[in-house]
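Please find the structures below.
One chain, subunit A, appears in both complexes that follow, with subunit B as partner in the first and subunit C in the second.
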Partner chain A sequence: MPEPTGVIHDIGYQRYTGPRLGRRQVFGALYLHGVRTVFGLGRSAKAKIFPWLVVGIVVMVAAAVTAISSQIGQRVMTYAQFADSMSWLVIFFVAVAAPELVSRDLRSGVLPLYFSRPLPRADYPLAKLLALATGLWLLLGAPQLVMFFGAAFTSDGMGAVWDELLDLLPGLLYAGLWAGIFASVGLLVAALTGKRAFAAGGIVAVFLMTTPIVGTLTILPSETVNQLAGLASPSTLVQGIGIWAMRDQIVTSLDGGGPDLGPFGPVYALAAVALIAACVALLLARYRKVAAR
Partner chain B sequence: MTLIATESLTKVYGGGVTALSELTVAVEPGVVGLVGANGAGKSTLIKLLLGLLTPTAGRIQVLGLDPSTDAAQVRARVGYMPEHDCLPPDLSAAELVTHLGRMSGLPRTVARERASEALRHVGLHEERHRPVGGYSTGMKQRVKLAQALVHDPDLLLLDEPTNGLDPAGRDAMLALVHRIGNEFGISVLVCSHLLGEVERICDTLVAIEGGRLLRADHIAAMTSATDVLAVEVSEGTDALATRLAALDLPVSRDGRLLLVPLADQGTYDLILGAVAELDLPLHRLDQRRHRVAELFAARESSHA
Partner chain C sequence: MSTVAWITARGLLGRRRFLLLLPLPALLVALAVLCRGLGVAPANWGPPVLVGLGLAVVLPVVALIVGTGVLGAEIDDGTVVHVLTTPLPRWQIVLPKLAVAIGVSAATVAVPLFAAGLLASSARLGLALAVAAALGAVAYSALFVAASLLTRRPVLLGLVYVLIWEGLLSNVVTGTRVLSIQHYVIALADRLAPTELLDTTVSVTVAAVMTALISVGFALLAINRLRSFSVAGETS
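Then we have the complex of A and B:
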C-alpha cells in the first residue's frame, strides 16, 4: 500500500504473519511459470524469438488453409491432419522449450533452492512436464481454433457449425496426444543434461533418428513387423493411434493411404501409455537423484 | 525451546562413506556457528536438517519438528543459502527472489514486496533489476542470502556465506548475519571452515571433525576465564619475565610477547609495577581474548 507521504522511512525488518499458500497453489505457480517460460514470457527478447516464430508459422498455415478452404469450397485438411503436418515444427519447438524449462535450472544449480522449499520433490518435474505439454497443446490447438472460427464464419447455418465442432474436438484430442508424448520424451531427454545445446540435439535425435528405423522395419518381409513398425518412433506411434482411433480424421484420400496397422491398433495405444508412464517414472527417478546431491 | 537437537545422528552414504557418526548436540536459538574442516560433515548436517537426506541412524529435530517426517513444515520455516553458485545468470535478482518467494508459498503481490524488502535488507537496491550474471561475487552472495530470507523463516541455514569474498566483503557479510540474528529475531546457523570468522558473530559454537562432535558450547563459556594480558617491552623482555615469575605470576613467552593470565585487576598493577621498577620501555599492555581456535588446538593436542 502506498504511503501518503513522500518520505522513505527505514522501518527495519518486518516479520511476515500473513497467509502461506499450500502445495496446490505453489504447484500452480510453478506450472504457470513453466507455461510462460515455454513461450519466452517474462524472459529476455532473445528467448521469445523462436517460440513466437513457430507460433507465427502454425497460425499462418492455419489461416492459409482456412482461406483456401473457403475459396475452393471444400476442406483442404482436417484438424487432426493439421496436427500431423505440423509435427516436425513441434519437434523443434520441444527441442528449444524443454531445455529452457529444465536444463537451464540444472546448469545454474538453482535446484537446491527449490528442493529446500516446502514443495515435494516430485512436484518440480511434474509441474514442468505439465507446462510443456500445455505449451505444445496450445501450439497445436490454437491454430485449429483459427481454422474452426474461419470455417464457422464462412459456413451457412448452425448445423454446419455443429459439424465443424464435432470435427474440431477429435482434432484437439489428437493434439493433446501429440503434446503428451512429445512433452514426456522431450523433457526426460532435457533433464539428463545441463547443457542446452546437448539437450536440444538429443531431443531432435530421439525424434528424427528413430524415423529411419521405422522405414527399415516397414520394408522387412514380415507383415506383422511392418504393422508394428510405427511403434519404433514417437511420431509414427502417435499417427498410428490416430489411424486406429479416428481413421476418418487422419485418412481422407480415397485410395486409403497411411500405414496399415492390421489388428494392432490397441497395441499402439498401450505403447503410448507405457511410453508416457516410463518417461514420467524415469523423470521422477532422475529428480530424486538430483535432489539428494 | 531447542533450535536444533540431534541424538546419535549418523549418516552413511551409499558408498560406505560415513559423513556423520553418533552426533549428539542441542543448541539454543541465536547465532550458531558450525565449524569444521572441509569434509567434516557440515553440508551433510544441513541436508539432514532440511530433510533432503534421511539419517542412517539416530534422531534429528529442527524447531521441534522432525525433518525426515515433516519435511514440508520444516522447510516452510527454514531458509537455506547453499555454498555453491545457484543463481541463473539471465534473471534479475528481483525476479528470482520473487519467484522463489512464491515457491515458499507467498501470494504473488506479497512475494514481490518481500523480495524487494529482503534485497534491500541485504544491501541491494536499484541493481536488483539487472541480470544476476553481471553481479560481483559479493552481490551474488547477498542475493543468495536474500532468497533464504524472503519467506521470513525462523531459522537460516547458511553454508559458507563468506565463500569467495574479499576481506571487506567478509566483514560486511558477517555484520549482516550478525544483524539478522540479533535485530531480525531469526536464528542463524552459519557453517564455515574458518573459525576466526564465525567466533566473531556467534552465541554458540559447534565444532565437528570427521563427522564427530568436537565441542559445542556458548562462546562465552569457551572464552571466559581464559583472558590473558599481553605485555610487550622494547627491551629487557627476559628480565621482566624473571621478575614476573618471582611475583608468582605464571608467565609464558609468545615470541616478543609475554602472556600473563588475567586473575583480577591486581594483575595489571603487578605488571606495571614490575615494568616501572626495571625502568623498561613498555610498548603495550592489553587484554587478549583467547581465540577459540587455541582452545580447540589445546584440546586436540591433549587428545593426541
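Then we have the complex of A and C:
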C-alpha cells in the first residue's frame, strides 16, 4: 500500500479578529434599514412609486395650504388639523409600508438568519415598529415643516415666527401620536401573514371598518356611548386625545365643532396607551416562535 | 363548472384566511341589528351603516381581496404557469376566474346588505341594495382582476383607487363621481328602491352604462393582457 501523498495546503483562511459589534449595532442597522424600506430607498424604482406618491400628495397639500393662507392672510388649518385631514393617506401609507417591513421576511423565510445574530427576539419587531413609526412621523411632520417655513417667511418679526414655532411643536407631537398608534396596529396586522397583498388588504380593512362603527355609536340614544364612541376607531381615538390635551389646536371653529368627549378625555389617553401596549405585546408574542418557512 | 373555476374556488375558499373576510359583513349586520334594536331612526343610521360601511368599505375591500386573490395570488407565487401551459384559450382562464371572484364577493356582500336594508326600511330596499351590490361586485371584480394583470402590486393599485379616488377625491371634487363605481352602486340601488337613505349626484343612466362598460372593458383588457403575459420572478 503506497504512502498517502495528499498535502493540506494553507490557502490562507483566517479567523476574524476585528471588533465584533453587539446588540445595539444590530438593532441600529435593522432600524435604519427599516426606515429606508418604508420609503423604498435602496430599492428599485418600482418600490418607490407608492410611498413617494403619498409623500408627494401630502407635501403638495401642505404647499397649497401654505400658499392659500399667505394669500388670504389667515390660517387655513392648524398643524394638528393637517394630520387629521390626511388620515386616509396615512392608512394607505401604512398599507404600503408595513407589509414591506415584516411580510417579506416572513415569506422568504429569512428570520432564522436574523435570529442567529446577537439579536434578542424582542428587538426585531421593536426595531421594525420604531422604523414604521419614524416613517409615519416623517410623513406627517415634513409637510408641517413646509407649512411652518411658509408661515415663518411671510410673517413679520421674530415674535410671529416664535408663535408659529409654539404652534408647530404640538402639531409634531400630535403627528407622533398618529404615528405610534397607526404603526403598532398596522405592523401587528402585517406580521400575521407572509403575503404582502393580504397584509395590505387586512390593514385597510381593519382601519376602514372601524370608522363607521364610530359613526353609528355617535347616534345611539345614550350620551355616555356617544362620548365614548371615538374609542372604537384609531383615528378618532387620536383625535379625542388631541381634543382633550390641546383643544385650541384641533378645534378652531367658534361654534364648538368636533366630537363632544364629555368627562372622558383621560379615558381616551388611557385607551391609546392600552392599545399600543396590547399591539406591542401581541407583536412580541407573534415573534416568540416563528416558523423558518 | 370548468376545472379552472373549480381550482380557483378551492384555492379561495379552502384556505383558513378566507375566514378573515367574514368579520366585515358580520359587522355590517351587527351594527344594523344594534341600531334597530335600540330604536334609532333609520334616517340616522342608514347612511353611515348602509353607505358608509356597506357600499364604501365592505363591497370594495371584499372585492379587492377576492378579485386580486383569484389571479394575482397565482401570479405572485408563480403557479400561474401551470394554468398557462395548458392548451386553454386565454378567455377560458380569465372568465371562469372572474366568475368565481364575482360570485364569492357578491355573495359575501349582498347577503348582509340585504339584511341591513331589510332592517333599515323594507325588503324592497334590501333587495335593491343586494342587486346593486352584486352589479357593483361585477364591475369591481373585473377592475381588480385586470389590475392584477397590469401590475405586480395589484392590491396597492386597487387601494389607490378605493382610498384615494373613491374615498378622498370623490368627496371633495364631486365631478369625479362620474368615474366611481361606488356612486354607480348607490345610484342603481336608489333607482330600484327610492328612499331618503341613499343620495348621489350620478344619474341612473350614466351609472348603468358605465357599470356595463367597466365590467366588459376590464374583462376584455384582462384577457388581452393574459395573451401577452410574461412570467417573471418576484421583483422588488
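Just so it is clear, the second predicted complex is superposed on the first by the 276 of 293 C-alpha atoms of A that agree within 3 Å, B and C clash if a C-alpha of one lies under 4 Å from a C-alpha of the other, contacts with A are read in each partner's own complex, and residues count from 1 in each chain.
FYI, a residue touches a chain if its C-beta (ideal position, glycine included) is under 8 Å from a C-beta of that chain, and two chains touch if they have at least 3 such contacts.
Here the structure is a predicted model, which means the values were calculated and not measured.
Asks: Classify the contacts of A:109 with the two partner chains as first (subunit B alone), second (subunit C alone), both, or neither.
Replies: Touch status of A:109: first partner only.
Asks: Looking at A:195, would you say it contacts subunit B, subunit C, both, or neither? Reply first, second, both or neither.
Replies: A:195 contacts subunit C only, not subunit B.
Asks: Could you tell me if A:43 is touching subunit B, subunit C, both of them or neither one (first, second, both, neither)?
Replies: Touch partners of A:43: subunit B and subunit C.
Asks: On the A-aligned overlay, A:91 touches which partner chain: subunit B = first, subunit C = second, or both, or neither?
Replies: second
Asks: First (subunit B), second (subunit C), both or neither: which does A:219 touch?
Replies: The second partner, subunit C, only.
Asks: Could you pull out which residues of subunit A sit against subunit B in one structure and against subunit C in the other?
Replies: Dual-contact residues (subunit A): 43-44.
Asks: Quick check: in the complex, which residue numbers of subunit B touch subunit A?
Replies: By the definition above, subunit B touches subunit A via 50, 52-53, 71-73, 75-76, 78, 80, 82, 84-90, 95, 99-100, 102-108, 110, 114, 117, 121, 147, 151-152, 180, 183-185.
Asks: Taking the touch rule as given, give the residues of subunit A at its contact with subunit C in the complex, in rising order.
Replies: Residues 43-44, 46-47, 50, 53, 57, 88-89, 91-92, 95-96, 193, 195-198, 200-202, 204-205, 208-209, 211-213, 215-216, 219-221 of subunit A touch subunit C in their complex.
Asks: Which residues of subunit A touch subunit B in the complex?
Replies: 12-16, 18-23, 25-26, 29-30, 33, 42-44, 104-105, 108-120, 291-292
Asks: Considering only the defined contacts, which subunit C positions touch subunit A in the complex?
Replies: Checking each residue of subunit C against subunit A gives 17, 20, 23-24, 27, 31, 34-35, 38-40, 44-45, 48-49, 52-53, 57-58, 61, 64-65, 68-69, 72-73, 76, 152-156, 159-160, 162-164, 167-168, 235-236.
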